[in-house]
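First, the structure itself, so that you have it in front of you.
When the chains are written out, they are named A, B, C, D and E in that same order, and each has its own residue count from 1.
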């Protein structure tokens, strides 16, 4: 017999393989609507509104053409979706409308390459393909009763907006809430409409900062990690959630370490190149974890377990 | 994306062969097309207004007009859509007149073709991006390299227009070749009388700085922003003190050949080329100076009333910024001695070059304007001119015509007659006569008739000395017989050649030059004074052999080009240029190799690597680099690879 | 055990091809042996041990278009039809219309499934689709078959993951008739990864070539059905012995160049080890190894316009491809060749096992044979799968 | 032969011991004695692993190009045969490798074996190849053995090699070989050239239909250095479609071919790397023949020359 | 007519890629002079023949063109002074290689037509399309 050591080599995995008949009852396919059973086919949706957030970021509010699907569409804050322009391809974006918003689903798109340029060319009324939701959201249920610190930079706000909106809607379930949001210049701040509201609310702390002085900007100036250290949130019973460009995340995590946040209390979302979005095509792996199904949300403790290949 | 398509009938010019209404209807099916219309005359006032109205009312974001050739109306429509608030580059023209209706007569087939042409234009406009001309600040100072008549003219024109001009002249005085001439054809007016006042004007012009005895060492930057290192050669004389009194020259005990007089006279080791020199400053030619060669003397330093002599002087370098550079380095006289052994190769004293003769004729020249034989100082009885020495002669590598020799020979022949009287026999051996300028042919005629110059058609095969004469043996091809003339003086109409060091200068300036060292204009007909390097212009004989009127005319043309360039505070660059996607550039530098204008440069990146970057103001938008870049990371705005592929696809789709 | 006399082989294949498409190894004009559609007269090539490529393309084509669509514009200036009219027109053309715009837009987007080789979304479960009719892959080796088993995990929804309709539509109608290996190559190491030259994992019917014909053992019901073919007869005892002897001989001929024990842990421990760089020096980062591998399954999804129609397709991809992990910011977590290299082996012996409780290598040795510089997976595992302490400080690559 | 091998080892040892290079690239035996593979030697003690025989077909210049050296700024010693050296010269002409960081050991080469020719003579796996003068002995795993003349199994271009001696090297080992004078030969093309256009198309279509786009040909090509940015992978611009089908595969190969035009000396590395035996060599050699007839140009002959497509002559006699 | 003869006789599709300054203007001139030309070619305008990557011509064949014509300024007349010299080398190689890639040599041509050569444009395009039509459409080719 071959030496298998501690390496289990199952005889035939076929027994665990699903068949079409099983699939029809929906096993393993958590999506509703008529595309059930084929996770590759997009649902067609119509752009109902486009918001120019910054010079290179637009938010798209889309509605599924299938009203039933639109009504049934539910997701967890932090989950993502594949938004596609037919003819150009699909790309991954965080769903950033509130989970309670029933009339549309919002994605914010920064112009980067092929697909995102294609998206930026679209008008209201145009069609897009959507595959959503995907991945694992933030464990907002687990966080109940805790203080929350959101730390975000630039387009990173897109990944946290749904979560922020959710926790604000369920304000009573959480302790103190701090939102620290920074961008390179005031022009690069997304969600101005939210910012205005956050800043006016008394039950949360919203700190908005830009990297360098800017004509007309009277608010705070400084890089996010530095401002974070100034704010110095206490780690006790506090969850820190951060998202932004890689360099910002790097320094923010260091700052949190200095503030003595335990790894279990720090969450972030990973951006990896992804295509299928269902844990098959292979490219978004970090070790054996696939960002599209096991993430994009990870706690720092979970990340530390993974090979250092971010 | 919302595209509008407007199909023009152009009266019956298009509609006669193409069913414009039908294709306008069909174009409505094309992807992203949201509005179509067929119009009688799109370019007319109401036609344009219609387009503008549609842009506003239908929210068009891109426009295609199917009508005539873009060469005809692209500008019109670009302006039209721009006035309606669209970026002018989100417009595309489909040429269904010149390329369709006018060359066909079968309506169904022409209509089909016109539709394809529209599809291609729609495909192209779909990938179009809004383009904006870039603006760069412009330095308005101008550098003129070479202070011959052309350089002086350009400098004066520019200075009069208010620009600051610096003339960098290699010699210690400006003036160039013309300063050495006696009279000029075809008017036979005194060269110095025309030139000297211009030199003085230049010297005194408050907007002109003359840097004589200087050379351009290195040129960096690009149009509007050149950074030039200029080397000031050490004159061993402090020019801020020297007053040009020539005392030193008088007292200097060391002799040197007189370069200004082309060796016809001697000068001193300390030297001022000629009395009207501008600036009139002394220079020590160290190779002849006793102090430098033997370590003793210092006479000049002792006699100088201004205490200007400085034996310790070194070459100095200064850096200046300029917005434009005019090259006016002129031409040199062909070094005939090396190439014509059959003419004695310089060993026969009474065989001289045209320029030497020019000095001899000059009243302030070494002979005081007296024509005599070099060998014995006698007045010559037989003077023979030989044309085309070093011109139109493949065997010496000079296939081109030097363009001035025929004329100056005629001039010199006439002057000879004036100087030597009616007894002297004057012969001119010529191949044929090039007298194309205004009054030139008449001038030649006068030489032949009025001044009794014998024009012999034929080549001189040999010159040799015999019995104190220079025997001229040649062929009179008109008579078909050998001729032999015992000459007293032979003047070679020596051709011209590019200025010494021209190729090196061209390399420093990044401009092209031909195999003879003359600088290449950007386009012989359309851009005759520009070079391929934006902001670098040519004037005078450095571009090709020229006479004074042409040099001056070109110099003024150049000045106007420079003025045009520098009339704005900012340079607007054409937006249809190449750009590099640096994230994909693999630094293979093929683009820098092939670009005729040296637009791509190596740009250092934050990570220490170098990537190609195309200087917007320099790129002319030809796209040669695009077709050369292996990874295709350069895109030519307005003509991207993707847009070409899309058009091909549309053209081929049934 | 049943027995197929040599002369009956063509008959069997002919019989099978009555009911299914039969694919078998055969020579191409240039001499390369590949799985090709069998037609009467095609010479099946069984002497060469391994076809150039594993038959994974039968279930997982290199390029698979799964969605087609086109845009239909109807602009108001000259075409006043309603979206409904346009929709009718399209249906007339036979395309399935899955989206028609609401009245806000004048732009009609029509998505149609391209049909062809892929199941339509309406009836994913319908298995008898064009291009997915029953298939028999004949003459593959046990290691090739194991590749299918390993991909089955990924595409089959094992462990609660997603179920891939395209793969499975083909996989479910594919019957694997393997032929046991007689002369294993020097590159074979199936035994080291739990396989065997006569292994039956994922195999429906196993044939063993002996003098005079093939011993035949059905492994599955499907295989059993094939044995119904009249050309089979009951094996004689000496034939059964010959089969057993052939199995034993082949088993012996396969080396087991490394021990699996501890490999996964050691790969994890050696993740940062500099020896990865040494090993990868010779690699040219091409990806050949992954494309010839029976179990490498990564793919890419792209949209392209083909003849005026948009198509979305997936095509093989691999971790040596630079675009595989390149991120928007330009950052590439696996920019260096060594990192890409490490991923392939780690995936096969660490990541995949962690996720699917199995290995992602059947020991066929194709990656060694076809690698332009003969990178040897056995060597890599022997080196990087060993405890760091047991190896010289900086072992060289050979 | 063995003296050449000793000389290589010696050169490698010196280069390593003196600290001139960080590692040295030569050839060593593969997993069976029927194959040589590239070897990367870091320590002088290890130089005895280096071998030299007609099995050493790999063009090691490949390992000098972008992204190959590890760490990137390594100083590298490398062995080059005649044709390998011409690829190196092509890289040097364009300044794509830094010659300061190289130590190049040149080996005059009398030809290398085309192992595919040997393999084709057996059904079983060839595991051993020996050389005895001009005699080659091949043995299979099961013990079958055959002998043949070296000349019969050489790569077809090796026979009339125009330039067997390295064109560029810091040190030459082994005896220089006589260079064939006169017109270079482009062997093996006659049959292909004689086909009509439809037959050529059919031949290429069949060949390209089997391409799996593994990029072995491009990545192994020493003068293709764009690495991650190869336009064959690019989606913007989308010159080559990502679908793997005959038409796109053909264009894919055309990209490679036209991009190496003027830089490819037909070393054949791509051809030998291709797992599905697409006759890349045939086309590239044909192209080189045309280039030679067109401009008298051969790639990689002279470090100071420019590749033909990055320059021009006004008096090129081309076209009408 | 059978389907087969139909494809054989269908009008061929020719792509003409021309430079803006000379050949496009030359073609314009031909139009202005009402010089009759074949129907089945489509003109694509680029700034300079130096802009045209030979691979674009191959792409056109791959996409189904039956013939490809490249035309620019005469050598020496390039608006950018050097573009057509580079192009000349590239297209010469392409011209020589195409017959070996399964594309008959008459299906490709590179030539020079100046802005003043309207008549030359007419004869070049007419002749070229004629040759291609003689060969007929290309079907089912790899390239």
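Quick note on the criterion: a contact is a pair of C-beta atoms (placed from the backbone, for glycine too) under 8 Å apart; a residue touches a chain by one contact, two chains touch by 3 or more.
The model shown is predicted, which means the values in this text are computed figures rather than measured ones.
Enquirer: Determine the shortest chain-contact distance, in steps, between subunit A and subunit E.
Expert: Each step joins two touching chains, and the minimum needed here is 2.
Enquirer: Suppose chain centres are the mean of their C-alpha atoms. Which chain sits farthest from subunit B?
Expert: C
Enquirer: Among the chains in this structure, which pair is joined by the largest number of C-beta pairs in contact?
Expert: A-C
Enquirer: How many Å are there between the centre of subunit B and the centre of subunit C, using C-alpha atoms for each centre?
Expert: Each chain reduced to its C-alpha mean, subunit B and subunit C end up 67 Å apart.
Enquirer: Quick check: how many Å separate the C-alpha centres of subunit C and subunit E?
Expert: Roughly 44 Å, centre to centre.
Enquirer: Would you kindly tell me how far, in whole Å, the mean C-alpha position of subunit E lies from that of subunit B?
Expert: That gives a centre separation of 36 Å.
Enquirer: Give, as an integer number of Å, the spacing between the C-alpha centres of subunit B and subunit A.
Expert: One centre to the other, that is 62 Å.
Enquirer: Can you tell me which residues of subunit E touch two or more of the remaining chains?
Expert: Within subunit E, residues 59, 82, 86, 90 contact more than one other chain.
Enquirer: Touching at least two other chains at once: which residues of subunit D meet that condition?
Expert: 227, 229, 235-236, 238-239, 309
Enquirer: What are the residues of subunit A that contact at least two other chains?
Expert: 113, 123
Enquirer: Which residues of subunit E touch subunit D in the complex?
Expert: Residues 54-55, 58-59, 62, 75-76, 82, 85-86, 88-97, 99-104, 110-112, 141-143.
Enquirer: Can you check the complex and tell me which residues of subunit B touch subunit E?
Expert: 69-72, 95, 97-100, 102-106, 109-110, 112-113, 116-117, 120, 512, 520, 522-523, 526, 532, 576, 594, 596-597, 620-624, 626-628, 632, 636, 639, 641, 644-645, 647-649, 651-652
Enquirer: Along subunit A, where are the residues that touch subunit B in the complex?
Expert: Against subunit B, subunit A makes touches at 121-123.
Enquirer: In the complex formed with subunit A, which residues of subunit B make contact?
Expert: 1-2
Enquirer: Taking the touch rule as given, give the residues of subunit D at its contact with subunit A in the complex, in rising order.
Expert: Touch list, subunit D to subunit A: 235-236.
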